[in-house]
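In order of appearance the chains are A, B, C and D, and numbering begins at 1 in each one.
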């Protein structure tokens, strides 16, 4: 058993990778946690697909405004500098490539960047897609936040998705509890390792040929901050 | 004198016939026109096709319309929610038809109807189940699928204030589908907290211009406002906090 | 020589045909005059393609606002109930069929409703189209306001347009200084005659076979008001 | 801290290279970014493709850029105006290329670029010279022609106020092409009368959200305003009335 990051540590790690001034959409579920770790001294503008830029944290109890919610239908607040707009404008922002980063959950990510995160394809399940497909194809950088392995210890990083696709070749980077992977034309490149994980170990866990980019990425990270 | 204000929600929903296509505004509960939907249930129209982002929450509003078995088909992006038990039951029973549309395509198809666009090429959903059978085309190195307008006989939406011409302003993220649905329906029916005098909405700030609105009904101020000012004291469903003690007031999920 | 309406009388005649509550776009040039004759006791909402509903009359001298102009780039005012919006929204209103009436000038109108009003096709002329083509296909009713004859006494009502087209089959009615014509599947129907004009005389002036609908239209007019 | 406010119009137009495509906001003179265009003339970029509704008025702004022979091609809907002598001369001389686009198709093609639409079917212009050679298709009994997005390297627009994030509000019909051009260009440069503090623009009333704006330059209050209030006293070109005595102040035509 290798060292793994907790969900909160992973959220923190992703938050640290987002530069000031970025326009960011955090998908519903775990990615929402990233907001809690954005540095207080940096201005990062959150987009919520239901029609807002400049989303702030949850309100105090007693201050919940049912007219002010996020994509997960949770109560939120508006920061100074916020703007409201209708759904066609909101998804125009996504589709038009104006978001710098979105962070999404995943069932599977394939070597070529294909994403599956909206349906397990289980018969009889009630399907729902929401804005997942628009986010997947819209943001400049699509980050996936996920455990590397399912509860059954199957790798979520795969050669090809077996679940129904959300988007084709859309993922740029995968943040997992074991390591950070970049999607490259040659397959997954390990960008950063957590704890005692090694590229060899990850290759075993995922069953994939992995590129070791840990040295290069350390350099990039320094430059980027 | 133009006056689109009708005297009741009953009058507002008059003329919806069996088999009609009806857009229902709102994202979850925010901006959902609860009072108009209740009036539609009372009015009795059935065999409806509903266009809405979700498929109802809890047992009120759109969920109640579904529970009354008035809806033959729903076109939406996100039916499955923790509180969508009414839809879930009907769907599993095979008692309702579902057309699932990615949210941005849903919004843009509604906009296309309102703006006279015959069809458009969207990159969303390409290569997925939801674009199966759609015409695709590569333009400038990217693959798109062809999407058609979604129009309706009626749109039921909720806004904050209107004037008697039908100019509308909304509140915060409750704006969501209102402006685009208003333009995409033959008859757009709006419920508002309040009618304000003509000229009191700044022309710079009109979110839905009068041209898109046919009927306006007043339903009174929301629980969480007092004389236009937010006072809070409610949970996410708009119920006074004392009445919902024990539930997580800031919680909820799609 | 038959009796003819003046430009002002014609504008008055068109104004009288517009019901309360109508959303109306008046094309640049002569159609703008229609605004001067809209009944003061009726609310008719004027759209100007450059981004406004609820356009009011020209301002007093000294009150000209360069940020508030109409499609003809003349100073105007805003009525109570006005709204401003951007160009895509403004033309969405037109294209989406939300305008009840537009009134346009014309070089030629054909029996099938084809309109030519943007270019004479003269070599070397600087072309310009503006919103003419959008208006022609967008409004529920497209009224043309024009002299029946050119200065060379050629009919502007024609079997087929020889000038470059603005729109196909888009005109519903033609208000001329001699008579009012409806476009019908069988050709032009004379709806109303001014002064000593007769259907026979108009047939001679236009060289077209005309339908006499003067009785029917008188009935419609009564109903309509 | 995000701060998109640059210190001068020179800095605002830095980086426009020869051969660039530049959108220029405005309908006639209303909303035309005169100061940014002057800075662009001084900056020296040439061989430009300009996207704008008109092709310049009088001898200022876009007309001056044309007169300086910096423009290879212009894409617009209405170049011919009583005061478009600069364009008219260049056009007759064969010194400028013109792509004439119906105004609504121009607006929608710009919007398509900003919203990631690959192409769309428009009913405007079908069967006319301006749709010659375009793909057509009948949809639901109506014929449409296929229109492609128009995007740009830079957009130069004029708004009224901005905050340091780049949220914009406009004044009246000077809004025109601003919001859609802002979304369609890689680098959107805005001139405003005034920078206001973050939070002082009501989020309900933002006409161009910050996400579409890269640079903001302050050019001072317009002649016809005083402390945000309209005071008039100018002609349609914004010149003090005494300076233009003898001309019809309310006149002008496209």
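FYI, a residue touches a chain if its C-beta (ideal position, glycine included) is under 8 Å from a C-beta of that chain, and two chains touch if they have at least 3 such contacts.
The model shown is predicted, which means the values in this text are computed figures rather than measured ones.
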Chains in simultaneous contact with subunit A and subunit C: B, D
A-D or C-D - the one linked by more C-beta pairs in contact: C-D
Computed distance of Cα centres, subunit B from subunit A, in Å: 29
Separation of subunit B from subunit C, taking each centre as the mean of its C-alpha atoms, in whole Å: 37
Junction residues of subunit C, two or more chains touched: 52, 78, 84-85, 88, 91-92, 94-95, 138
Residue list for subunit D, restricted to those that touch at least two other chains: 108, 111, 115-117, 122-123, 170-172, 203-204, 207
Each pair of chains that touches, named by its two labels: A-B, A-D, B-C, B-D, C-D
Subunit A-facing residues of subunit B, complex: 27-31, 53, 77-81, 84, 87-88, 91-92, 98, 100-108, 110-111, 122-130, 170-180, 207, 222, 224, 230, 232-238, 241, 249-254
Of all residues in subunit A, those that touch subunit D in their complex: 20-21, 23, 43, 45, 47, 52-54, 78, 80-85, 88, 91-99, 138
Subunit A-facing residues of subunit D, complex: 1-2, 111, 113-117, 163, 165, 167, 183, 198-199, 203-204, 206, 209-212
Interfacial residue positions of subunit C with respect to subunit D in the complex: 28, 48-52, 58-59, 61-75, 78, 84-88, 90-92, 94-95, 119, 124-134, 137-138, 164-168
Residue numbers on subunit D that touch subunit B, as the complex places them: 108, 112, 115-123, 137, 139-140, 142, 144, 148, 169-172, 202-205, 207
